[in-house]
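Both complexes below contain subunit A, partnered by subunit B and then by subunit C.
Entry: the complex of A and B
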């Protein structure tokens, strides 16, 4: 269909008072826009109707709305899937932040219009990638989290395949006799309820259970994952749409706990061993089977400890409180000591703590363990310093229970031989994510446990975040994952108790359902939820440089043996990092591509050198920086009018060729503004801002080739709340550019 | 989608009550799973308490960043209808379907508002800014905050009848200010109801010996967020309230009313980390300031421990084990003396600071405003877990939670709502 552009100019909200609208209309006409109109209040019913009338009557199918920010009134200016709308922000972005009735401000607005026209001419409405997909959910692991996920998805009407490597379902919950109270009045240990849950799951018509089975291989992409389930040498293939990884946790290796007396006596046991003993019968002293009279619980045995597990396992304090009660119930004469660093019983669990503290036989103290040793009489002495009594105490116990922490099942503990070389690589945040090379990630995944056995170019399993947990880095989006359609839940994601594990599994089931629903429509999942565009590759020009396959933050591109990318559109999150990575410019979205941006840059009018009107181009992240610029506008923070803005899906989608296009075309300087990178990165696409920074290397090379000063390109991190910094960044850069002087390519 | 043209009666799969982070999440997660959702918020805009928070621990990132993404998801999703200034007046039914009666309080500004700000400029009436805990004022016609959604002005109902407001109304070129706007009521048929009405800070004035309300330099942790915020009363400059002077010595009083039989017997789970986070606000502006944190137990679960470890690297940040019993003001300087018993050494300590921050706990809004349908609550007013009765709780109405946990909880609540809506729709077909 032929494209026909209509440009509609709003005069309201101060725009008409700041800009010469007639001149703007002329600029649009000069840019060959056939339908050009202005309105006093474009967002009014009459304004919107006039656009609709042109769509229906005049065949307009590309609409340039020259008014306010795309962040406001989006629904007013949506005209169906066949009409492409571009919002040209001359309100927050021009009239509210630049000098009114000024030549430079007017030129800025006119450039904005020309850039919009270039955008509309060189893009098209997105067409979804739709294929026949499965809406079934694969749940790996049948502990509390996995069972709850499976049951939830099944209850909502989705088919579920549940795989458990053990011969029975239930996980840790089925091995504990009682659990910490999960509800009011939070005082007495209760049943976990896992048996009933197992029964429901096993009898649910929507759930197919595979016990004693593992996932030998997972190929494909969301909506069409093919998982090979292996049981006793027999392989069953299942097709599923999404995956919940609920493979749980394992206890920290007790053999490393010699400092806390482990191994010194059979009477020093772990909290997990305690549960096993409790499940078998009355708790007795392991060495001689006699009743216990004095039991010491040592909290944080190997936890919150830089040499062991640096993190807190979140549940051990409450577990010890529960086990203390268990001892007291079975042995009313026994004394129980709990020695902790900080007693952590958050939320309503404080009530359980208070209930245990009421028990006169339970003695709780803060303290640091100085020594645990076996005495000649067979008892174990535990010496603690810095206790609440203000003095050292020594407890002589006939049973010592070490509260050991949780290790995610995704983590492989390096053996003694491997430890030297491999230590840290699986989970070291210093190394992970700091490189632009996807190989490192592949390595990291190789060193992790193989649970899903994905046949992805970037590794076999979910990338881990820290300490081996495949957790999300995003506070607002805790299910965010770097492998589309695969969601971690329960203690594999982060240390958590059974109640939280169940809740986590329920949420993960929702995400899994959401994914299969979105994929079935060809829509993206978070954070560009609903986006129907996807990248297409013009393979004839591919040089097999592998940048896209290495840099995709979500591992969506595989490779053939020559290194040619094999796209998996259903894994794609539409960030455009591949588009930014490709030196051959072969990656395009219908509504976002290299040519489109190049043409937008070309649309900027570059005044002659002697006019002293520097031109600066700013590529900004449309997730955070764009909003920040809007807020600066709302606050009427004034800035210079020399800067032309092109928002990008992510700064990682910036292709270095645009910088050379701009500079070769006489633009004096280029600003790149994205989100924070590094350990506490805020990039919604994980590595986008880091990759942009990395590509600055290429940009500097280009500058050298063009014999231009390095200062002509600057990269900035800007948080969404940094609006007060914007005028300064813009004005300082303008100063820099004035100092460096005009771009010598201007007059060529 | 914002309330442009809301019909008097409508139906949806799910009603979510409360538009803070939990409610927004529950609504979005359900809508993106294909359900139709009505999101009902009592305030004039979405965002709840996270919108008033300066940064999140442990990343020290701004909540606006996540709100922006969530708002973008809402704007892009035709399956969500957002109601603001909305109050659920009645809810009936049970498994199989509910009918809700929702009162829409007048905004006094209609959908023609473009947020240009001309009314605000012309307005001569001021009000206390509740968003900033009354630490400053706004005009009586105001934009709730920079991230407000809907992005539209609102008139404080206390001042709508003030004749001086006519000037503000007249300044609007779009006819958007409607000072005689009337409330309306709509009825809604839904398959499931998620309750996410959130929390409020414990009333610090009840902590008699800690001086809040008597001494201006005693503030709460929630106020501290506003004091540190770019959009706060001081534009982000941390100064003490009595004289706007910079900070040299700040005290954080943990468990102010929490883990206390006389006040909140439970732990609010986030305050330790919140205070350590607020210590970084102080440190960022005052490299030499002394910071003292008085605590009973430092609770930093999971990998939050890293944040605690990092806090301990600050050489001028001191952790004191002990609960502050009394705060007194020093005459003249308006400094504060924190009296605490150090439970490690047993000694009674007195520490003079120039500002004290009370880490007050979270009270579920369900404690005062009980959810409908006889929803079972625990003794503190939180919605009891897993009863399967009444409305589906999400976020801090179920227990004190940090933001990430609240989002997990809300996503799980959306899952429950999907199941209940599926049951209701099956029942409707039968």
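Entry: the complex of A and C
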């Protein structure tokens, strides 16, 4: 179908007062736009109707809405799947942030129109990739989180396959005699309630339970995962749409806790061991079986400690409080000491803390453990320094309980296990890491333990963050892992208690459901939820360089033994990192491709050198930085009008060729603005901003070849809340460019 | 490796503090709001935050040696501001009660004063003693009728309560009581000294400074809250010492000048006695009303608090009643005097073990604070 562009200009919200709309219309006409109209208030019914009339009557199928930010009324300017709309933001991006009725401002707006035309001419409406998919959910692990996930998905009408490696369901919750209070009034320990949940799950018609089974292999992609469940040598294959990984936690290895007295006496035990003793009945001293009349709890034993677990496991403080109460209830004369770094019993659990602390036999103090040793009389003495009592103290107890932390089941212990993991895979994680950014990847994201046994080119299991959790972005995208369609829930995702685990199970179940539904329509999941485009590969020109297969943050691309990428479109999150990676420019989306952006760059008018009108191109990440720019506009933060903006799906989708295109075309400088990278990255596609930074190396190389100054390209990190920094970044860069001087390629 | 003090909490101590008004001691979570509002707190000694923790940890020994708890006049700023409602003011009062009990000599007396069920027995002792006095007086003066001829309608206490029986009994009793109090105080002083670092102004100067503090109630008035209470306490204090002085001067009149009681109404000693009585009744009355009406700023009312205050109030009221009935020539005056004597003996004899003992312990602690250089910082 032939493309026919209509450009519609809004005069409202101060746009008309700032820009010469007639001149803008002329610029559009000059750019060969057949239908050019303006409206006082384009978002009014009359304005929208006039566009609709042209679509129906004049055959317009590409609409350029020259008005406000695409974040304003997004649905209002959607005109069906055959019509492509481009929103040209001359309100927040021009009228509200640049000098009104100024020549430079007018030129900026005209460039925006020309770039929009180039974008519309060189792209097409997305055509979704739709295949027959399954909507069943596989839940791995039947602890509190897994059971709740299974129940929630089943209640929502989805088929669930629940796999548990143990012979009975319930996980840790079924092993604890009492748990910390789960609801108001948060004062007394409660039953976990897991038995009822197990019963409900086992009898639910939508749930198929596999006990004593493991996942031997998972192949495929969301909507079409094929999992081989193994039980006693017998393998059952199931097809599912998405997976909830609720494989839980393991206690930190107590044998490493010698510094806190572990191993010095059988009477030094862990909190998990305490639960086992408590479940059996009265707490007796392991060494001689005598009743326990004094217990010292040592908090953060191997937690919040650089040499052990650097993080807080969130539950140990409350668990010790609960166990203290258990001891006190058994023995009215018992003395319980709790020595902590900081007692963390957050939010409503403050009530539980207060309830336990008010018990006359519970003694709490902050303190640093100096020594734990067995005394001649059989008691264990704990010496603590810097206590609240204002002096170093020793307490003597029958039993010492070390409050040890939680380790995610996905965590691979360093040492032999990691070496084995690295050797036994189709791909070497070290190598994967090195190619990405040369050094840090191996530390920050190691390949997790084998639980799902995926057959991805990038490895057999979920990549993990720094501490071994398979989460991908703990603040913004809970439950998301770096494998599309696989969601982590419960203590495998972050240390948490049973109530949070249940909440997590529900949350992850909803994500799994969203996923199977989106996939069935060919739509992307978070963060480009609903995006129907997907990357297409022009294989004839592929040189099998493996950049895309290695760099895809989600492991979408497998490869054959020659290194040719084998795309799995249903795993794709549409970030465009492959597009940015490909030196041959063979990756394209219908509505986002290398050529389109190159044409947009060409559409920018570059004034002659003597006009002193530098031109700067800014590639802006759509996820945070672009929204931040909008906020700067709303705040009316003024900036210079020399900067032309091209939004990108992710800074990782920036192809280095665009920088060359821009500089060769006379653009004086290029700005790249994306999210924060590193261990605490903000990148919505995990590694995009890191990859962009890595590619800056190539860009600098290119600059050398062109004999251009390094200063002409700058990369910045910008959080969504950083909008106040925008004028400074823009204006400083303009200063730099003025100092470096005009691009010598301008007049060529 | 360095040895650290072995901390062994005393659960019984915690229970006794809870029972004596410090029921919320374990609610403290060491936020230090109390220390930031307390004029006694210094950077090195976060008072009463540290005392709260020590009490919560059952550290009876450490607290018994702690002079700081005696420098507190329970203005209750701490309890007012405590976000946890742990009521440090009440806890300190309870700890002080524990200390009278702990240092009491003989120690069973300490326990008896702290236990409500021993109260009837405690009353019985002075009742019997005074009854014995009546009996002895009767034996001495059997020939006399109740009303002396020529002194018609006059009440003469001497006939029923022979002054030569009452006086030695009173003096001997006081000597015994003070000896017992001294024994307790001696132990207390040694405990204080054991933790003292010296470098103060010395004992004598300490006593002088302490007397000044006590007479003028300077630290008392530095409490921002509870000014009424400070005035009331001053009235009771003056009333009590005025009454004591009246009794002493009465004895001097009798022994040196052979003027038998009653002292005439116009005599300065009588004026002093009556003024003290009025001050005492007013002071104790105000304190009683406040305890009943203003629970918020007064704090907890422990058994010892009530016992002490009511007995003191009764001592003043019965004294005044005795005088009034006597002047009115009513026979009821004998009964009133009997009750008065019982109450006064109760107050005095049990002084070292009841809340009355705060007079001794606090005075000594203030002396120690001055002498050893632990003087509280002045409220600024």
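Worth a mention:
Just so it is clear, the second predicted complex is superposed on the first by the 710 of 748 C-alpha atoms of A that agree within 3 Å, B and C clash if a C-alpha of one lies under 4 Å from a C-alpha of the other, contacts with A are read in each partner's own complex, and residues count from 1 in each chain.
To be clear about the criterion, a residue touches a chain if its C-beta (ideal position, glycine included) is under 8 Å from a C-beta of that chain, and two chains touch if they have at least 3 such contacts.
Here the structure is a predicted model, which means the values were calculated and not measured.
Superposition of the two structures on subunit A leads subunit B and subunit C into a clash. In the superposed three-chain model, the partner touching more residues of subunit A is B, compared with the other of subunit B and subunit C.
In the superposition on chain A, A:68 makes contact with subunit B only, while subunit C stays out of contact range. Contact with neither subunit B nor subunit C is seen for A:329 once the two complexes are overlaid on the shared chain. Legend: residue contacts after superposition of the two complexes on their common chain; A:345 is shown touching subunit B, with no touch to subunit C. In the superposed model, A:370 makes contact with subunit C only, not with subunit B. Legend: residue contacts after superposition of the two complexes on their common chain; A:467 is shown touching subunit B, with no touch to subunit C. Once the two complexes are overlaid on the shared chain, A:360 sits against subunit C while remaining clear of subunit B.
Of the two partner chains placed by superposition, subunit B and subunit C are both touched by A:388.
Residues common to the contacts of subunit A with subunit B and with subunit C across the two structures: 354, 388, 390. Against subunit A, in their complex, subunit C makes its touches with residues 1-9, 11, 14-15, 18, 26-27, 29-30, 50, 53-54, 56-59, 84. Interface of subunit B with subunit A (complex): residues 1-2, 4, 21, 29-30, 32-34, 56, 59-70, 72-73, 75-78, 112, 114-117, 143, 146-147, 151, 173-174, 229-231, 235-236, 259, 265-269, 297-306, 309, 321, 343-346, 378-380, 382, 384-387, 399-405, 407-412, 414-416, 418-419, 422.
Those residues of subunit A whose C-beta lies close enough to touch subunit C in the complex are 333, 335, 354, 357-363, 365, 370-371, 381, 383-385, 388-396. Residues of subunit A touching subunit B in their complex: 12-14, 41, 43-44, 68, 71-72, 74-75, 152, 155-157, 182-186, 304, 310-314, 342-351, 354, 366, 386, 388, 390, 466-467, 469, 471-479, 494-496, 499-500, 503-504, 506-511, 513-514, 517-518, 525-527, 529-530, 623-624, 627, 631, 634-635, 675-676, 680, 682, 684, 719-724.
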